[in-house]
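Here come two complexes built around chain A, the first alongside chain B, the second alongside chain C.
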Partner chain A sequence: MSGLRLLTVGGVIAYRALFNWTTPGMFVGTLLVGPLFQLLFFAYLGRQLQVADDRFYIVGNAVLAASLACVFGGTMAVGNERRYGTLGHVLLSPRSRTAIFLGRAVPYAGNGLLIAVTTLTGGALLLGLRVPPGALPGLALALAVGSLSCACFGLALGAVGLRLRDIWVVSNVSVAVLLLFTGVNVPAAALPGWMAAAGRFLPITHAAEAARVLAAGRGIGAALPAIGREVAVGAAYAVLAAALLTVFEAESRRRASLDTL
Partner chain B sequence: MIAVGALLHAKHLSRSPLEIAISLVVPVVQATLAVYLLRSGGAGDRLLDAAVGAGMMGVWSSVLFGSGAAIQNQRWQGTLEMIMLAPRRPALVLVPITLATALTGTYAILATLLWGRLLYGIRLDFAHPVAFAVVAPACILSLGLFGLLLAATFVLLRNANALANTLEYPVWLVSGMLVPITVLPGWTGPLAAALPTTWAARALREATGGGPVWPSAALCVGIGLTCAVLGAFALTYVERRARASATLALA
Partner chain C sequence: MGIAVEAEDLRRTYRSRTGWARARRTEVDAVRGISFSIERGELFGLLGPNGAGKTTTIKMLNTLLIPTSGRARVCGYDVVADTREVRRRIGYVFGGDRGLYDRLSGLDNLRYFAELYGVPPREQKRRIGELLDLVRLTGRERERVEGYSRGMRQRLHIARGLLHRPEVLFLDEPSIGVDPVAARELRGAVADLAAAGTTVLLTTHYMAEADELCDRIAVIADGAIQALGTPAELRARAAGRVGTREPTLEDAYVAIVQPS
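Let's turn to the complex of A and B:
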């Protein structure tokens, strides 16, 4: 019970403290309106080239929209502790580092889910996509799993931030890599084999596949394998994040570089 | 003064790993996406257009984020009071910064062209190579002048960062950098016509694939100069207001 409290309440408190740069205007502009324009950009490009239909772009970009909050959020969850000089205090805590930091990912995943749902709704209304009502619970599950998986990916990047001075380079490049490798905007069949293969080890790829299956009205049964793969990818990144945090924390203590910026 | 200032700020920006990563990686990713989309859409003959368009997208990103945050960045660095104390008009002090952000964006065009040539074998067969060499720098500098207006406008807005984050894709979209504006809803036409980015993208596309380059380039430069004049007035107003209320250094 105490561990669960640390994971949820601790995560929410850290979110409120570290996400302090945001204001309602900035939140809406950056996280809700920006991804919607990204969706429209690729939907119109896709229409012009007739590579895929609107559903492909609307659903794919809605799932990808979560990555903005999750990747940057996960990175900030660790990086901003160091930036604000509170990392040492967190690491002095006698509680489990894994629980502390994994709890950080949860609010960002919730944020990502909100953004994905808003982007999907906005895109569907603007471009006239009809989603079968029966597909909505499954879609919500696919979007939630994608967001959580992406938040774990962000946390792993944040752990790398314990060693690098400029974590924003890592997060910006990672968001660009997700855009290209996840097959959200280019069908996987049109990507080179190695790129499609790399994409299968990234978050979003399988969640987008599941969401497309569901939006096409094929039922939750057809989407479950892809959702399962997304859960596996997310779990792998959670384990990687925990391992990296442990290793880099020990290394930072040894080299006395914990708070070095 | 403008040339030396622009060079100084360009050097400063080129020391930032984040600026370099954004200027190089993001346009290359966009260019790669465009290459695979065009190939799978059977439009393989437009790959050079896509490389140039993706490069222009990088220039716009650099101007939008660099110029939009030009004054704010000076505040954070603690150098805003110093540059405002200079015995020059505020616009003359700030235009080198916005030009430097546009010059940094030049990396993006060079990177996407080099990327396309080396990795995808895109032949750099420009319809008007001389015009391209003249028009590209002129358009980039015009976008830098547009950046002055952005800098002056954004400093008045409390949530300017949010506006910058929101404006990247819409301007890419309505300017026809990758998506032809003919496929967009009709109401976007007047909006596109008022943006220098539209005419810059069009001039470079015409220099690449053929067409009347100079009218589009002239419109881009004309709008850029108009933005510079408007930006200069706005900056003078902002500076006076900030001095009167003693809020120049307040973030």
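Let's turn to the complex of A and C:
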């Protein structure tokens, strides 16, 4: 029970402490309005180039919209300990590192889900996309899984940020990589083989695939394999984040390699 | 009484590498084999110039660093092998502006660290209230820490260090940058803690503070203990060097770290 409390209560307090974009202006501008315009940009570009229909772009960009909050948020969730000089005080905790740090991914995933749902709703209303009502629960699941997977990816980057001073460069590049490699704006079949292959190991890719299947009215059964793959990708990044944090903490005790105080 | 902290021939060497093509390796012996012990309930001072090895010593004792050699035990637990047990029993207060979540209130900072330090949820509210009273932040606890003065931040650091009722408290220059009135209150709070049975290891650059508070003092320089004794014993070492007046702890300290 107390582990669950650390995951939930601790995760939420840490979110408020470490996420830089919680002010209303930053939140609405950066996380809600920005992704909607990105969706419109790619939808109109897609119409012009006749690469794919509106549904492809609306659903793909809605899933991708979560990535901004999740990748940067996940990075901030660990990397900002360095900014505040609090890492040493956190590491002095006798409690499980997994509960402390992985719990931090949960609020970002919730944040990502909110953004993805808002972007999907806004995009559908503006461009006239009709989603079958029966697909909505499955869509919510696909968006939630994509957000959680992306938050775990961000957490892994945040762990690297404990060692790498300029982790924001990596986060910026990662967001651009997700934009291209996950097939949300360029169909995976049209990407060079290595890009499509790399995309399969990134978050968002399989969640976007599942969301498109659901939005097309093909039912949850058809989407479950892709959702399962997204869960596997997210779990892999969660394990990577936990492993990096364990290794870096142990190495820091031996070599004084982290800015603990 | 029993021993709360023991250090045996504790050493720490920092190794660093700069450059890639022609990597240059450097080694700095920050702590060179120090040994001391602190009784339970004792207030023990660690004095020394900047870079003498005080903070490195504390970081080895509080488990943030592994000694290069030697061993240390806190409350009977080895700082390398029994990390979690040591962490349950220690508090750490570090002087300075950083180390707090600026965008959270003082109350939320304490709530978060109460979770991290394993304070049972039922006790958290009462314990945090007690500590806010102790450090005189009651009434200001809902304000964001970014608006706190340095003294308020320092008092919040102390409250955090005490959340889980540690048996051993490490105070690393807690009064640095604190105004005289707040520093006096801080000394009072530290003395009360020691009187209540908390073992305290204090580092400070303020000799009067060390003289007033500490049962025993170790003076460390160049990573080694140069002198260890009660404040009176250390002062006696400066007798004859200051003319006819009574030597102060500062006289003794200067005589120890800058022998003529």
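Methods note: the second predicted complex is superposed on the first by the 257 of 261 C-alpha atoms of A that agree within 3 Å, B and C clash if a C-alpha of one lies under 4 Å from a C-alpha of the other, contacts with A are read in each partner's own complex, and residues count from 1 in each chain.
One rule holds for everything that comes next: contacts are C-beta pairs under 8 Å (C-beta built on N, C-alpha and C of every residue); 3 or more make two chains touch, one makes a residue touch a chain.
Because the structure is predicted, anything quoted here is derived from the model rather than measured.
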Query raised in the report: When the two structures are overlaid on chain A, which partner does A:5 contact: first (chain B), second (chain C), both, or neither?
Result: second
Report task. Answer with first, second, both or neither: which of chain B and chain C does A:34 touch in the superposed model? Result -> first
Report task. Considering only the touch criterion stated at the top, classify A:224 as touching first (chain B), second (chain C), both, or neither. Result -> neither
Requested in this report: Check the residue A:85 against both partner chains and state whether it touches chain B (first), chain C (second), both, or neither.
Outcome: second
**Report entry** chain B/chain C common contact set on chain A
**Finding:** none
Query raised in the report: For the complex, which residues does chain A have touching chain C?
Result: 2, 5-6, 9-10, 13-14, 16-18, 22, 84-86, 88-95, 100, 252-256, 260-261
Requested in this report: Under the touch definition given earlier, write down the residues of chain C that touch chain A in their complex.
Outcome: 14-15, 55, 59, 62-66, 84-85, 87-88, 90, 92, 94, 96, 98-104, 108-109, 111-113, 115-118, 120-121, 160
Report task. Give every residue of chain A touching chain B within the complex, in rising order. Result -> 23, 25-30, 33-34, 37-38, 40-41, 44-51, 166, 168-169, 172-173, 176-177, 179-180, 185-187, 189-191
**Report entry** Residue numbers on chain B that touch chain A, as the complex places them
**Finding:** 17-18, 21-22, 25-26, 29, 32-34, 36-41, 43, 158-159, 161-163, 165-166, 168-170, 172-173, 178-180, 183-184
